[in-house]
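Two complexes come next, and they have one chain in common, subunit A, joined by subunit B in the first and subunit C in the second.
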Partner chain A sequence: MDLRPHHFILWGLFIAAMLLMPELVSKGTLRTMIFACYLAMFAISWDILSGRTGYISFGHPFLIGIGAYTTAILTRRYGFPVEASIPIAVVVTMFGGLIVLLPALRIKGSYFALVTLAVMELMLQLIPVVRPDLTAGTRGISRLPALTRGAEDGYYLAVGLMLAIALFAWLLMRTRLGTALWAIGMNEESVRGSGLSTTRLKSFAFLVSAAIAGLAGAFYAHHLGAVTPRSIFDVNLLFQIIVACLLGGQAPFLDPSLAHSSWCFCWRTCVRQSALRWSSYGHFWSQFSLRSRDRAGSLSMR
Partner chain B sequence: MMQIIVQGLLLSGLYALIAMGFMLIFSIGRTLNLAYGAYIMVGGYMYFWLSQQLGMPQVIGFLGAVSVGALIGLLKHRLIVKPLKGDAVAVEIATLILALITQFALVLIFGDASKILLPLIPGVVTVAGAQVTYNILAATVMSWIIILALYAFVRGTHTGRAMQAVSMDEKGAAISGIDPDRINMITWGISGALGAAGGVFFASYTQLSPQMWLAPVIISVAIVIVGGIGSIIGTLIVAHIIGFLEITVVAVLAPELRGVLTMVLIIGVLIMRPQGLFGREEH
Partner chain C sequence: MTVALEVRNLVKKFGGLVATNDLSFDLAEGESLGLIGPNGAGKTTVFSQVMGELRQTSGTIKLFGTEISGLSTAQRIARGVSRTYQVPRPFADLSVRENIRVGLMPDSLRAMIFGAADKNREAELAQSIGFSPADLERPASELSMGDLRKLEFARTLATGAKVLLLDEVFAGLTTGEISQIAALIQDLRARGFTFLMVSHDLPAMEPLVDRALAIERGTLLAQGPFAEVLSDAAVRASYLGVA
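This part shows the complex of A and B:
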């Protein structure tokens, strides 16, 4: 991708606007923005795994959930400090990424999408059953230690985290590695034909994606203050992630000309997602989440 | 023991019906039609609305549900599948989103609380020492009638054979004078009707809720893939394997584990043997 000065100017403006946001908007809107930031992180993670390599994962909440649940269990049940539990959550999620990787070594396309969907559904059903003393079953774990106080601090944390992850993903995708991942999405056979190990490339993409998902998931859990199986291993979250990616225009099957700019992607994800939520969709969504029974997560955000 | 066999047979018949409609679409377009869940939901809710909220006869409720399912199937083919022709990933995502939109719409109309469908036919009968409600018995019998009718249709009529031909080789079928577009359309319609019918029975078996669609969809996709694409017999066999597995788990181990082993089986088979157990060779 060619970098032109106006890209940097636009991005400078965008970051400045994001940082000024708490001065401009109400607390309630700020909470929506926080969610948009986390959604952007999830979307970046999904994009590294699925948008790049073409292995469409319908089970991304699986990875996010592992991160969220690990930190929740460690802090609430074993009294770990947050500084230790979040890195552990990232590492554990990377193991989760390996689980998703296993089917990707053998199957692709619809089959892979289906397996990941089944993995997510399995997790939803498994969490309440296995060690309910740790996971508190369907009720979920609540009263997680908060990282920040008030909406403003939480917002700055989310924005900072999102920008850091976006920068990391962008730099990564500019390397030869990123190009190779991109090529896998185009034509896996010819990548193998040109002497690259697709297995190694795929493992790399899945691990990075899982690490980001785990990191974002862990922070997200602390932001919400509670995790329940229904609120995490949920098709709705997956839906939002995928829609964010589609609107962001990163996914290769929509528009290849937009596809190259990670920057553009992140910006659009964030802004459009927020804009959508404020307008008609926002009404729709708030109706929906207010009515939902065990959707503790969404409720506490509002 | 008897209880397990009877219950297993009943549940498997239901799964087989739901999987049938999915199998038709998957064998024709190799499309992972996740919006199949939308038919299940819409069928169940339509029946609920017509027969319980408006108080119409059950037959009308059922016919209404089936025709709305067929209509949605046709619309989906027209508006989503045809314009996105060939782009499997886009179709998958579009159908997933459609299923979710249906879910949101149903929540807005009917609320989020689960609803109990009145039994299709009230009463309980004892079959070989097992207590079986007439409701589930009726659902299974109807499922089998529909499955057999479908089998006769696919094997016996010209349109049915054309459907098979298109699923094997679309170009070849077109050369021998079959209009693949028309056949595709018919298949989508039938699939929608089957899904809606399955939805009515499934809802009367469990309950009606906006989240009810995902598990049956995953199960039916898995039944189809494991059973082999395009094989009605394979679909039937695998539907019985999964049905019996679930009933056995509930009876022997623990009710909470019901879905868990099914998912494990699905994931395992998909990874080990993605071509399915009884499917024809794929190229």
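This part shows the complex of A and C:
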């Protein structure tokens, strides 16, 4: 996993291409790529917890949502400047996630995934009814302060943030801690049998994952300019994150740990443009969207 | 003489099955004790209770005089006891070196993030157990059964524990590998390590232990010098199937 000279060259080329992108592509494509950058950040967050330790989280939209809603409420309802609201959003995401999801880390295997999925669904149902004066219910909060002007600036912000998060995650995963998290994914009992407190390790991975999700979620909210429950606590977003992560993790031509985190971005862009998108997760997507449409239908009937 | 491990009136029930039945024994520091018994006698279950992977139904377990029953596995290992698993549990996608690295890691997030891996120590441990330098970067998923057992032993040693519980370390090994591991165990004994070992390969185990302890259905049958325990009538009946 050591870096070779060609890794530096490939990465140099990649970053150069990213920075030149606004000169080369249309505004519309640029907007797609902004989304891809945020998706990559979400995927990095997911990867630190689930990709490493094998505890598959279906609840990442929940974490992203805490970050997005916190900054939205603070800026629009209480007049906080974004310089304050975004760091607070990160902290709130870490604590909020901790209270709700951390107990679930003691649960084994697929139950963890189910609990996290349930939490996300719960948020979707709760947000519209709890304190609608703050959240504006299903309509969501709009006209959030913009951080940038125009697609080009928004793109540079997203790329910069994505690269910074990728670098951080990559450095962290290169440490012995990264090895230990990976080992948990392979055999948790053996990690415990090697004298390590796996609960502490998993909690740490969770906190880092939540911090990144909250940070990216907060920036994402300001990029969109609005948050609604449907756009965040959404299984479609969840599957896009997971698919981005799985595909990104398979780019074999770079250092694997780098590929694991940041290349999901590139794949995502390709996937979005191609039919692969539908063949890869179309099945799940159609299943879930059918079901949610049914539910919406039954609600409106009442 | 310090008692490294003191087990008193240990009982473990799985529903109606009594896997450990009022078992008591002492293991002196620097001593090597062979735990023998037929399949299903409850040997592995004793290990799991000492390590805190299974909670005993009743009874006490003391390590260097301190009751450890309330401690987590990681805390017990930090106090100096560690085990190998009868069925090796490697980290399949990690290299031999990285598997050993996990064993060497201190249980501190700070140290794990900011401290560097000790590559010399990793190589030294791997070599002492019989891996060649070329093996270091091989993923565990490519190893033979014999190599997996060696890796299991190396990772256990890496924890730094001085009381080692070895569960069938010789199973699936060639005679060459057995003599290499045996030499390592002798070397560790000379350096003051304490052993509790389980093996079905009695001839290989005999020179490695000071004493033997025979159990059947969780109950102590006999203990004492290896040859005496083996010639004990009850042990012969249960273990060797001879009356």
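Quick note on the criterion: the second predicted complex is superposed on the first by the 243 of 302 C-alpha atoms of A that agree within 3 Å, B and C clash if a C-alpha of one lies under 4 Å from a C-alpha of the other, contacts with A are read in each partner's own complex, and residues count from 1 in each chain.
Note that a contact is a pair of C-beta atoms (placed from the backbone, for glycine too) under 8 Å apart; a residue touches a chain by one contact, two chains touch by 3 or more.
Quick caveat, the model's predicted, so the values are computed rather than measured.
**Q** Given the touch rule stated above, what does A:243 touch, subunit B (first), subunit C (second), both, or neither?
**A** first
**Q** Just to be sure I read the superposition right, which of the two partners does A:134 touch: subunit B = first, subunit C = second, or both, or neither?
**A** neither
**Q** I'd like to know which partner A:194 touches here: subunit B for first, subunit C for second, both or neither.
**A** Touch status of A:194: second partner only.
**Q** Thinking of the overlay built on chain A, is A:115 touched by subunit B (first), by subunit C (second), by both, or by neither?
**A** Touch partner of A:115: subunit B, not subunit C.
**Q** First (subunit B), second (subunit C), both or neither: which does A:204 touch?
**A** In the superposed model, A:204 contacts subunit C only, not subunit B.
**Q** Of the two partners subunit B and subunit C, indicate the one touching more residues belonging to subunit A.
**A** Touched residues of subunit A are more numerous for B.
**Q** With both complexes overlaid on chain A, does A:175 touch subunit B (first), subunit C (second), both or neither?
**A** It touches subunit C, and subunit B stays clear.
**Q** Tell me which partner A:183 touches in the superposition: subunit B (first), subunit C (second), both or neither.
**A** After superposition on chain A, A:183 lies in contact with subunit C alone.
**Q** Following superposition on chain A, which residues of subunit A contact subunit B and also contact subunit C?
**A** Correct list for subunit A: none, the interfaces share no residue.
**Q** For the complex, which residues does subunit B have touching subunit A?
**A** Per the stated touch rule, the residues are 30-32, 87-90, 92-93, 96-97, 100, 104, 107-108, 111-113, 214-215, 218, 221-222, 225, 254, 256-260, 263-264, 266-267, 270-271, 274.
**Q** Any idea which subunit A residues touch subunit B in the complex?
**A** 54, 56, 58, 102-103, 106-107, 109-111, 113-115, 117-119, 121-122, 125-126, 128-129, 235-236, 238-239, 242-243, 246, 253, 284, 287-288, 291-293
**Q** Residue numbers of subunit C touching subunit A in their complex, please.
**A** 51, 53, 72-74, 77-78, 82-83, 85, 89-94, 98, 101-103, 105, 107, 109, 112-115, 117, 155-156, 158-161
**Q** For a test of understanding, state which residues of subunit A touch subunit C in their complex under the given definition.
**A** 172, 175-177, 179-180, 182-183, 186-187, 189-197, 200-201, 204
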